[in-house]
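As written, the chain order gives the labels A, B and C, with residue 1 at the start of each chain.
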Amino acid sequence: MPVGPRPPDVSIVGFEGPLDLLLELVEEKKLDIFTMRLGDLADEYLARVRRMAVLPADEVSAFLYIASRLVLLKARSLLPSLTPAANDEELDTEEELRLRLIEYATTKGRAEALGDRMRAGERAFHREGGTVELPPKGGDPDALAAAWLKVMALTRRTQEDVEVPGERYSVEQRTAEIEALMAERPKVTFATLLGDRPTLGYAIVTFIALLDLYRRLAIDITQDELFGEIRIERKVQRMEGLTE
Amino acid sequence: MTRSAVAAAVEAVLFVAEKPVSRAELARTIGAGAKAVGEALGELEEWYRGTGLRLQHEGDDWQIVTAPEMAPHVATYLGADRLRLSSAALETLAVVAYRQPVTRAEVESIRGVNCDQTIYTLMSRRLIAELGRREAPGSPFEYGTTWEFLECFGLASLDALPTVLSPEGVRSEDERVPSP
Amino acid sequence: MTRSAVAAAVEAVLFVAEKPVSRAELARTIGAGAKAVGEALGELEEWYRGTGLRLQHEGDDWQIVTAPEMAPHVATYLGADRLRLSSAALETLAVVAYRQPVTRAEVESIRGVNCDQTIYTLMSRRLIAELGRREAPGSPFEYGTTWEFLECFGLASLDALPTVLSPEGVRSEDERVPSP
């Protein structure tokens, strides 16, 4: 079954990202971040990435990008004649990756310092007022409207992030799509309907749409064996009746 | 020359409190004895001499207020023709104004943060009020804006609230916010 | 042992203000020069040492808040929730706090991962905000920390951000980031 949306803010197998994994390797091996040859970590890095098969493709690619750079650095150290093309020099040098790693290490240290403060809970509070009994005046309706707009914008974004990102299908819409498809092709498989990389939500909606069509006697569903291909067949007369 | 730890704790609590706080509640809040709190209050009173603040009490209820001598400055500041609300309070007021009647849980669900403090502020400013209880589990209070709110914002009625377009250009009236 | 008259006036005005007040507005309100107000603020800062209060400022906007050490007492009184952020959100916050103003692409370049979710989380908690658009291709938004950020982390100002040593022991402030 394809992977659904990843829950927000969850770190991946203990790492916050590809740079974090690299930093972890440096620290595990007690290497000097300023002098070590990053290419030496290529094999180990790849081995760790290989164990992350459960990651969504777009996230794996970020790890693979760093892995490929490590492999390139390793190749260069083995074959010194393999110099980078002049225009790639700025992007592809060991020094650039090292600087990014150091910057990331610093960021991580800062995040930990902020986290310590957060956990200590030593925060300040301001007064919201209340002792002043003057009747308020001079409210600005536009400022009020602006505040409402801001709240709505924040609410919307937060909800969108929590919900399934990208396409959102209604059963009704999916049913109509399947009906349209089957008007042309009397037989399809469930796999065909799902396409190449369906999201979990898409698969569920498609399945419910099929059950709905089946209930309405528009289609027949057959499956020869457990976990076998699910075949969907149009019931001709019914289908015509429904599409009127 | 530092104040005692109890005096500092009492000062911090009285500072954020929006109404007088009894000595018993102070003691309970900071986990000190009533006697220590009494002494701390005496200490604070002493310290505020010559500053912009005063300790004021009615019976056993205590409150920090501005020193009477500072009244002209305070009046100048507050009298300027502007409603002074923190951005948090203004956001809560906007939610209540555009979504009323609304419960505290709904306001918090929409803003995404705790709103106890701002609701209290707006109520003490009489900009919002409890309208009654909703017939729902827990019978929560419903809030709405007041007559003073309309006057403060120069609105003839709630219909005169500025129309806000949501980011997509849909009128905000059509938006539905999920119940908490 | 009395504070100067200007300091007392500044204190009274900041006490009733429900949001940060600029030095210019303080000067206008109490009819003193900007320099005198600046000195008075320094005086107040000094006086609040060891008390339940402290002065917080962002740029030139000032406010009296409770001292961070008093947080447990104040939180008990207000029933305030503890702030909780994931380590991913803390990383993004660290980049924004120390590198502001910063664009999303810059944050992502430093963290090496997509930061949409953490940026929205921090915005909905009001810890960071869009400051405006950068004059650059695509006019990306620039982000910075908010007043609430200072308050939530008990920082008197951005200058009070913890200094973190980079791996070599070099002060991180000396590091330069490669441009994204």
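Just so it is clear, contacts are C-beta pairs under 8 Å (C-beta built on N, C-alpha and C of every residue); 3 or more make two chains touch, one makes a residue touch a chain.
Note that the coordinates shown come from a computational prediction; the quantities given were computed from them, not determined experimentally.
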Central subunit by CA centre of mass proxy: C
Where the centre means the average of the CA atoms, what chain is farthest from chain A? B
Go ahead and note the Å separation of the Cα centroids belonging to chain A and chain C. 31
Averaging only over C-alpha atoms, locate the centres of chain B and chain C and give their separation in whole Å. 22
Chain centre separation in whole Å, for chain B relative to chain A (CA means): 40
Where in chain C do residues touch at least two different other chains? 15-16, 18-19, 64, 66-67, 69, 74, 78, 80, 124
Could you tell me which residues belong to chain A and also touch two or more other chains? 125-129, 131-132, 154-155, 158
In the complex, chain B touches chain C at residues 1-3, 7-13, 15-17, 21, 29-30, 47, 49-53, 64, 66-67, 69-70, 73-74, 76-78, 80, 84-89, 112-114, 116-117, 121
With touch defined as at the start, can you tell me which chain A residues reach chain B in the complex? 125-132, 134-145, 147-156, 158-159
Spell out the part of chain C that touches chain A in their complex, as residue ranges. 15-16, 18-19, 54, 56, 63-69, 71-72, 74-75, 78, 80, 82-91, 93-95, 97-98, 109-114, 116-118, 120-121, 123-124, 150-154, 161-162, 164-168, 172, 175, 177-178
Over in the complex, which chain A residues touch chain C? Could you list them? 8-11, 16-20, 33-34, 58-59, 62, 66, 96, 99-100, 102-115, 117-118, 121-129, 131-132, 154-155, 157-158, 161
